[in-house]
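Note that the chains take the letters A, B, C, D, E and F in the order they are written out, and that residue 1 is the start of every chain.
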């Protein structure tokens, strides 16, 4: 049994991460996962949301959007409709939460890092590509902040990447679903993991279907394999910055 | 190590499900989980959303809200603010998706079942209580529909219930977190399962933290134990209707 | 001529007021008028709206909402539609204004009392039931405030209750209309009165119809009779607090 | 005791009603009550709202607005704020309801009459001036409709006008309050009456105050006197059309 | 070839500017251009928008609206729809920008002048009539401000007026288009000019058509002729204030 | 006197137009003008807006947006704010109007072409770059439509491009302003022209300043020179399609 794009069940699509993609943001990345393309920008703002003021702690928040023709047929703009859909909100919250889990927010002071993930072309897996790309943009922005503030230790504790896994009828468990696969999958799971193999988010959903514990374990195994490869790409593009990730952890041991 | 409300780590709070709670809805339930109270109403509407028209298939959708003083301090109404928060949207989508996974939508025809979950008192676990209560309200409403339409087989395939599990520092894995526990948990997971033990939704989140595979497996075990008890309560209050659940499955075997 | 539910023209429906209904609010009441059920919660907030700041005076404001299935057919949520209807705004303003008329706002200091009236089951008279129940929730909350601040005199000057009266074709003037009666009445009047018999609000409306002065006087007489009975129930459930109402008035005489 | 503008307690301000004020509307009036000026336009639209379709009956609906500088200090536009205030909604509903009470909606067929009341200068009593002026604009528009459709009987059954009455400290009951009086009145009542002396709307409100039945009766007497004078002005400007009002009533006797 | 209303191609419609039109605003004008009527009010507010705070400089901003029946068929209110259309925003920005170009904002201090242009009757050219009328209202308001603050020099540097020109098939270039002409014109241009003949705004648009440089020059010539006449009317109604315009310029020479 | 980026006053920035930029749209272009980058996508939809239904004629409409970090500091998303700004609406309307002026809308039948211009990096001139790029995307999409429908003549009548010109203090008139220049220019003019030299839009604005006729003529001359060069780039990237533009015009002569 083979996948429609010829991949093996446990094979990721081609990954590229282009850094310094745009000129203005503190961190800017174009991530390409197969035919999915997401611009991930990180902005450093010198204040925190009201609920954090005066605590000396930073914040990371994310926004996500798709160009109207990122998709096969045109999706009306949320700005024109005057409201953000539930799907967008869910994804924005997921990206922000995931990134916060590997950053030492105390050490960055009262700053907000805004992450903007704009999907310019969609072929499945836009939220996981957003997390994987956003991690790189965030790390670059924190690298600049770290230099400017001469921080003794780098605030990023671990690598973070995400992928999707799922169950396809007649195929079984597969890694990194494209749009066509995602539309027909009976189970869909997004996994966000760190370089030490810890889970940050696990969102598994049966689409008018259910899944057994045996399937769950296989899904997790496929996901872990993919995430390790994604981190290899992240490490390569980050260069010297990659070595600073986890300094903090080492010190604390 | 003991929990602040004296429960054992693997112990649910007291559960009550009062049926026929309000006079107008086709199915109406007040579910009480510890001090959390949710009114779950099911409404049958004789049409489906535009994307399903003409396919002869039904739909289940959910809305979720909290009274302003369901919470310790007053939460402003979403109606007054003119928009629904991301958290509310996430929960609404979860409830709808979960319920659709155990109902044969073809057999109910072009009808929409609206599920309204209104939290009147909140002490943690409102979304999982909503699912557990909504399943009962939905089943009652479908029971009436089934009688009226003289359906040969009942459209509900399995029982469905949900609970939360989490990791508390100095305590470890616990079942069914109350609000105080939920606020301090490093890991929080919502599990939706069917009576055959299959997963419908699994949403695990590290709150500025992560979790290992070993912890994941313990979380799943605790969740399963709690869900079986919740289904005992559902079965008891549904009476004869409980016996009709799964008829369809039996026939198809 | 008799009413469809068998009541006499000048007879109220059964009234129950359950206090301490929810755990979080400073005052919490479930009022039942026939089959109409409203949860009335009072919240004390330590600040006033901008237009009152720095005047040393308090404020009372109200919000009103119905569960979607409080009604015979499902009413879409105002939060989902993104705006509050004119009917809701009218009722919210009425409740707030009525309650403010019997409270000495100077004596409570720069605090806002939020009144939330959430109709969980509707069968006519929801706005008058809201006022009658909200008065009790407010008095309980002010009782707690009064104790904490050791106020020499209680800020509530008089009892306050409300009912509806109307003109039914073939029946004439009736007291306390249920939904069916309300829908067919040619004249509908809401009366809010104090324990000394003074009017606070009088809102009489001909529904594509008009009414004479003679009918007006009869409507007022029926209303007054009903309101006295409602105050008997309020007095009974308030217990000792009931005796503090009007202290202020006595002193000033 | 005399009023600040020198009027007697039972004296209306100067009234002018200019017909054919604007060129486009089917009925267009500028009503001036003292320094309050309202443009009242009536538009005939060839369809009814969804809830009336197919019943062969017409509808009358009203919208109300103020120019930002109709008032002493500038009021932000509702369009700029993106929502209509509760006060505006209350007034719109009142105007529409009042006008519908004196028109035979069946006889006008499936048409909507839109009434637009735009206050260009405000000095108290804008809602009652709107009703009094709108009645004239509506009658003129129905006059044109009646001619075109060669209706045997004119659909307006009675004259309709409105005024305000109130209680001023140190003065007592007064008729037709200007803005300064309205701001300091302890009781404020809007009265809408027909030419036969029947009430259509009665909205009496204690402003952090209450009123007795004795005061109520005096308020009603003052209101009735004012409304008769307003109808004299309406009759004068309507000319021949005035004679057609009530034809229907006469026939039915 | 003659125009449908009998005017010569280079002839303005009748112009009237009535000052002191409403009682509350600091400057209030009713401008009539043919059958187009616009109320232009100027309000002085003692603060500036956030982006200007602390710079000691003033601001001028404009809002524009039409009564629903200013037009041939009724236009729904922007307040009821909950948003302002693109056309309205474009016009508001144009009016504000145009007025700011002839006022010395430094000399008025940290104040905002709000310009409200409310079209009560529309027959083409409402935005240019708004600018021409708003200039007069603004000058009157600044006259009052100038007197109160005893400013040595008047802040208005030049007269400012606006008109439209266009190309009509079979007629050619025409000045001051009415609604009927505007609807059928292939080219439409709004010109805002000062008394020294300088351009402030030039907005020429081919309506599914284009225009040559030769036509452009003729359009500009027609516009200039019209604007000079509009300024004659402005000068006449401003009386003594007219002489103060440009004082500043003279001094600086 | 020289420009800050070293260009001659009459020199465009570097221009690149990359076609087939994204996979889904019928026409997709990335236009780069100096450091300004805009993705222009064209979508063909098989229906027209309500006001055109049943006329057998097509429509072209445009939407414009900027990524939050297209700009130096982050601009909040319009979707998050829930409304589109006046600036965005103005630009959207301009792009749509300009494109419609060179397309034979009758010949494309009842279809809407949606143009989406998404600025990913902004350094001045985003609206004119959008028009120049959108023309190419539109032509490509119409090329596909034309092939599919075997249209005898191509619906695009002329080339269309846009640029900005302005007046810089101490420099004078310049072509194609970058962001820094645009911020300090006293006059700013956008010019949209066709290949035959006809004007489609001319929008000249004094920024708290004015401009003379002499300056206007120089601005027009500079603009024309730039637009001819932009059309050379358009022609080059369109290849064979370029030859089809204007077929229609030739036939009609």
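Keep in mind that, in the parts below, a residue touches a chain if its C-beta (ideal position, glycine included) is under 8 Å from a C-beta of that chain, and two chains touch if they have at least 3 such contacts.
Treat the numbers as computed from the prediction; the structure is a model and nothing was measured.
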When each of D-E, C-D or E-F is compared with A-F, the one sharing over half of the residue-numbered contact pairs turns out to be D-E
Using mean C-alpha positions as chain centres, tell me how far chain A is from chain B in Å, no decimals. 29
From the mean C-alpha coordinate of chain B to that of chain F, what's the distance rounded to whole Å? 52
Based only on mean CA positions, could you tell me how far chain A sits from chain D in angstrom? 61
Between chain B and chain C, tell me the centre distance in angstrom, where each centre is the average of that chain's C-alpha atoms. 35
Multi-chain contact sites of chain C, meaning residues that touch two or more partners: 82-84
Using the definition of touching given at the top, classify the network of chains in this structure as line, ring, star, complete or other. ring
Note which residues of chain A are touching chain F in the complex, please. 22-25, 28, 35, 39, 41, 43, 45, 63, 65, 67-72, 74, 77-80, 82-84, 88, 114, 116, 118, 120-121
Any idea which chain A residues touch chain B in the complex? 83, 85-87, 89-90, 92-93, 97, 100-102, 105, 189, 194, 196-213, 216, 220
